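Per-chain residue numbering starts at 1, and chain names A, B, C and D are given in the order in which the chains are listed.
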Amino acid sequence: MRVDKFSLCATVVLIGALILAGPAAAIKIRAVFSVTGPASFLGDPEKKTAEMLVEQINAAGGINGEKIELIVYDTEGDATKTNLAVRKLITRDKVCAIIGPTRSGSSLAVVPLIEKYKIPQLSCAANYKIVHNEKTGKPYKWIFKTPQSDGLAVEAIYAHMQKRGISKIALLSVTSGFGAGGRQELLRLASQYGLTIVADEKYGPKDTDMTAQLTKIKGTAAQAIVNWSIGPVQVTVLRNWRDLGMRGVPFYQSHGFGSRKNIELAAGAAEGVFCPLGAMNVAEKLPAGHPQKQVTMQYLKDYKAKYNEPLSSFGGHAWDAIHMLVQAIQTAGCNKEKIRDNLEQITGFVGQHGVFNMSENDHNGLTKDAFQMVVVANGDWALAD
Amino acid sequence: MRFRWSWLQTGIGPWPIENALMETTTFTSQLLQYLITGLTIGSIYSMVAIGFNIIYNVTEIINFAQGEFVMLGGLVMVTLHTVAGLNLLIAFPLAVGLVTLIGVLLDRLAIRPIRNPSVLTLIIATIAASILIKGAAMLIWGKNPHDLPAFSGRDPISFFGAVIQPQYLWVFGFLVLIVVILTLFFDKTIAGKAMSACADNPHAASLVGINVNRMILLSFILSAAIGATAGIIITPISLMEFDRGAMLAVKGFAAAILGGLGSFPGAVAGGLILGLIESLGAGLISSGYKDAFALLILLALLFFRPSGLLGNAQVSRIKRF
Amino acid sequence: MLRIRQTPITVFALLIGVFPLIAGRIAVIENYPDVMIFVGIYCLITIGLSLLMGYAGQISLGHAAFYGLGAYVSSILTTRYGINAWLGMGAAMTVTALVAFAVGAPSLKLKGHYLAMATLAFGIIVYIIFNEETAWTGGPDGMGGIPGLSLFGFEFDSVNRYYYLVWSIMLAVFCFTVNIIQSPAGRALRALHTSEAACGAMGVDVARLKVIVFVYSAVLASLAGSLYAHYMNFVNPSSFDINFAIKLLIMIALGGMHDIRGAVIGTFLISFLSLEWLHVFEDYESIVYGAILLVVTVFLPNGIAGLPTMAGRWLKHKSRG
Amino acid sequence: MQAPVDPILHVKQIMMTFGGLTALMDVGFNVPRGIIKAVIGPNGAGKTTLFNVITGYHRPTEGSVHFEGRQIQHLKTHRIARLGMSRTFQTVELFGNMTVLENVMVGRHHHLPGSLLSCGLKLPHVRRAEQHAREHAMAILEFIRLADKAFEPAHSLGLGEQKVLEIGRALATDPKMVCLDEPAGGLNETESGQLSELICAVKDRGITVLLVEHDMKVVMNISDEILVLNYGQKIAEGTPRQIQHHPKVVEAYLGGDADVA
């Protein structure tokens, strides 16, 4: 029987094309960010950053020649949707590792899942409970997170206050996961820094005015105010503070304030406000010798070039997560156990939000040195002393 | 370069700390501040509640997209005034006009096409529209909040120890203006009287030759215009972003119910009372529970006066649901 | 005349039974059983709500709160006091029934939009309590470590196992509720919707019947909440907010208010749209969602369950020329 | 049928005011057992208000209502219904989307087990009771001659049939007395003739009838006693013959421009 030459050639070409086109089973990474919904202003820069980085890495040949396949699932900041998405990417997509979620609530919601299915995860949410099993007092085995824990930001703020001789403070927080997480740490750590909390006020994430809360604080002996919130309310509260003539009471924002857009929106009311920020927010202001100078400047440049919008500190969490994961995969391939072990052994990793030193007892790897105390001056950040 | 305390350089100097407290805050001035803040927020709620009432009176619908009008008002104004650089006096009416157009579209595309509707179907249509508008706004204006410059600067005015932002005065002013214009409209114009007739008894109104469809359209126009106005004047105080509408709609709805659905004095009173409860509750009792206080009082009131403060039980009985 | 036949229910039950076996073999829908667990849980709420809203004609925007109560009470009892999960669920249902009675008895005297506001207010207050009572609920961060369910040593720990658990409960509740609808009580309920006055004259205790149905639907929501909590092993307040209450309303309206089967169809559709299908639209998701809702409301004012009737009418119209 | 001496309904000095408006003033009368009593009067005379007071839809400002020797003015509607007093409505209040049979079966409601648990589980006694109720309702439909339309939706009936069905539904509650609010309103000659027959047939079953009616022909033909209201006050009471010639009644009807008898 004669073999048709044409069909033979066609088959060979086809098989060849399949081998070439179907990249040797790309490394599957999935990210779960709240790209839409109430926390979209956090998830959006994270998604953009992750996509940009994967593009860069793949353009440079991927990891050991293997391309990364990244798909971002939108959680809308919702616990149920996050649960579904994570379960889907574990059971259906069979991923090597997970990046995200964006919000503390969603991240805490999938802790049981991650631990059960044993998938390395790098969360981009802040709450320390994500990497701290309250029952054992140790980190969850499979979960890591890149954002600095609220406690570190609180310590940075409190240390600064202590230096300034402040002893009575007022707290303001938004009634969301972010605000509640920060408030808890603020209350917990106050006594260690010799601080008395004289007011503990809250407001809703969509409130239009916080004058009432500030007026109440005005009537106390508070020497400084700490505010813990994200989104438009953290700007509104600043304006109310300014309008009430309370500039004499120093105002500390959380690290959630880390976007220049917020200074702009505050329309001058942010002048003199303190804020603990990761190095990436003040990249240009860092001294040349600063360890993070180079990576932060590079990210800033790339992001601006690609998306032409101001950098947000939340994108930096995704940056840290992707890069650490890539580093872990380099020697582990898609071996989940090994990826996890590698992640735990990361030391001296220079990221956007600090220098990470992971360990068995610390799945965040940052200290309060990850924060620079920054003050708003002339409409821009400046390093505070 | 390291930065040193900005106020030391500018001479506002708070140090030593005790200076910060030099300005004594008495309880009365605090109370006054709560009242001022409450009335300002309340005025916005009132405006949203008035918007609810106008549409409710003619159609018996609670328009859940009412909050989106407010959001759109603010964001359209941002585009016209700060992005396109139009003068305030031109941008304001233009923004209101554009949002009104959305109101017309809402009526034409979502309300009118529904045949033999039940009131609940209509409500779902407005919910659907609000989801759609919110989604579109996210694409157009992005996910971040936007700001407008205050109409007459941001230098606060001192008032017996309390502080008033100039924008607060604009908020009060516009509430008064809206109330005056609406009163004149309903009392003096044919269209206004026809609308009141529709509100009292739509069936009878159509019998005497009033074009009920046109009145519904007019109600959407008016309500969108008022919503947009509220959005424009609140944005300099609290910024505006695509998903702010829902919260304002809920508060406005609560205000409308508190005052009695369909009653304009009720809407104004309901809004102001709601604002005051929130502000006083936050200031004097607990800020975490301030929204809960307002709603608890609303519930208690409803149990004793099932038609709200100034609502008419007889009228609400004719209305379908 | 409403007669729900047995055969379609049996077929439906069989389909539900074999679905995981089929879905497990098709990669694209491999995760659908997982989604279906939530569909089943939501169905429990909408079945009760449909009875309350579609049959008894009483609107409620407070059922997200009952759902939340079910979730939190059984979570707190199991995690803090180590109580057996099934007992916890029973306790949660009892607590919810008591709360529903306390809220329902005075609220259900209210009419139409006033009732909507009262239940909405209750829902928001409960939501605020979930957020604020951190010592009990863990606050906005939520609470984890909630144990899964097991029966005589059999753990419902995989998707498929929980799927069968949820859907067995759901089908039992569905049949139970269908029986109620076709019983004297159900007949009285449907009568109530048309004319409360006439119902009273027939010796039907209208107020009592309303409260009973309100409590029944609340208990179902509570059961759903407990099932949710023990599946997720985690709860946080935002799963029980107003948005969820409105989503329930949409599910029922979209499926068809006056038909309990409609509630199930609507729940399927909205759950799959929002949990699975619409994600491909990314930022356009909310626009597409709103548009779908709007189109369905405009063209199918009686919901999807009303489709056969509409089609029948259309065919009749056609054949007549 | 022998009428017992004690009246089935005793209305004592009813006063009813809405806001500042007095709708009923010192209205008092008796309805002896087993008769047909009509309440007539010009529009706005307070007839429907009187009905609403008797059947528990309004609570009188003053005065009392006694049904079978029991005070009922403070009771809720459904309690009064269960004591054996049922009613129809001036504007037809049928359950339009339900079938004719189901409408009548609603009238059997308080004779049926109603607990959600037993209904939901479809316990045998529920089924038996339901079967019984169905038979009972069919018998009533036979009586009101609507049996052939038992499975049609109520809203598809003509007005005359709807009015009849309302009476049938009221009968299903096993009442001792029915209150009919303008049963002949809007009906043509033939229909009101049939209706008169039906009302008499109801009386023959031993059920007392109280009716408000504008159609004087119907009233004069079937009533045993008539009560006349004007401006919320009782102006006359007596047999049809007495009423026809009562000077106050003639004045009330001819003096105002209300419909003339």
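Following the convention adopted for this analysis, a residue touches a chain if its C-beta (ideal position, glycine included) is under 8 Å from a C-beta of that chain, and two chains touch if they have at least 3 such contacts.
Note that the coordinates shown come from a computational prediction; the quantities given were computed from them, not determined experimentally.
Annotation: omitting chain A yields no split, and the remaining chains form one piece by touching.
Ranking every chain by how far its Cα centroid lies from the centroid of chain A, the top place goes to D.
Chain nearest the geometric middle of the protein is C, using mean C-alpha positions. Comparing the chain pairs A-C and A-B, the larger number of C-beta pairs in contact belongs to A-B. With centres taken as mean Cα positions, chain B sits 35 Å from chain A.
Averaging Cα coordinates per chain places chain C and chain D 41 Å apart. Inter-chain spacing, taken between the CA centroids of chain B and chain C, is 32 Å. For chain C, the set of residues touching two or more other chains reads 128, 131-132, 283, 285-286.
Under the contact definition stated at the top, the residues of chain B that touch 2 or more other chains are 138, 246, 288, 291.
The multi-chain contact residues of chain D, meaning those touching 2 or more other chains, do not exist; every residue touches at most one other chain.
The full set of touching chain pairs reads A-B, A-C, B-C, C-D. For chain A in complex with chain C, the residues that touch the partner chain are 35-36, 73-74, 77-81, 83-84, 87-88, 91-92, 104-105, 108-112, 127, 129, 135, 175-177, 179-181, 184.
Contacts from chain C toward chain D in the complex involve residues 1, 176-177, 179-180, 183-188, 190-191, 194-195, 197-207, 212, 216, 258.
On the chain C side of its complex with chain A, the touching residues are 27, 30-31, 34-35, 38, 128, 131-132, 134, 139-142, 144-145, 159, 228, 232-236, 238-239, 275-276, 279, 282-283, 285-286. Chain D contributes residues 55-57, 76-78, 81-82, 86-89, 93-99, 102-103, 105-110, 112-116, 119-122, 126, 129-130, 133, 151, 153, 169-170, 172-173 to its touches with chain C in the complex.
In the complex of the two chains, the chain B residues touching chain A come out as 1-7, 12, 14, 17, 19-23, 25, 27, 30, 33-34, 36-38, 40-41, 44, 138, 143-147, 149, 154, 156, 158, 162-163, 165, 234, 237-241, 243-244, 246-248, 278-280, 282-284, 287-288, 290-291.
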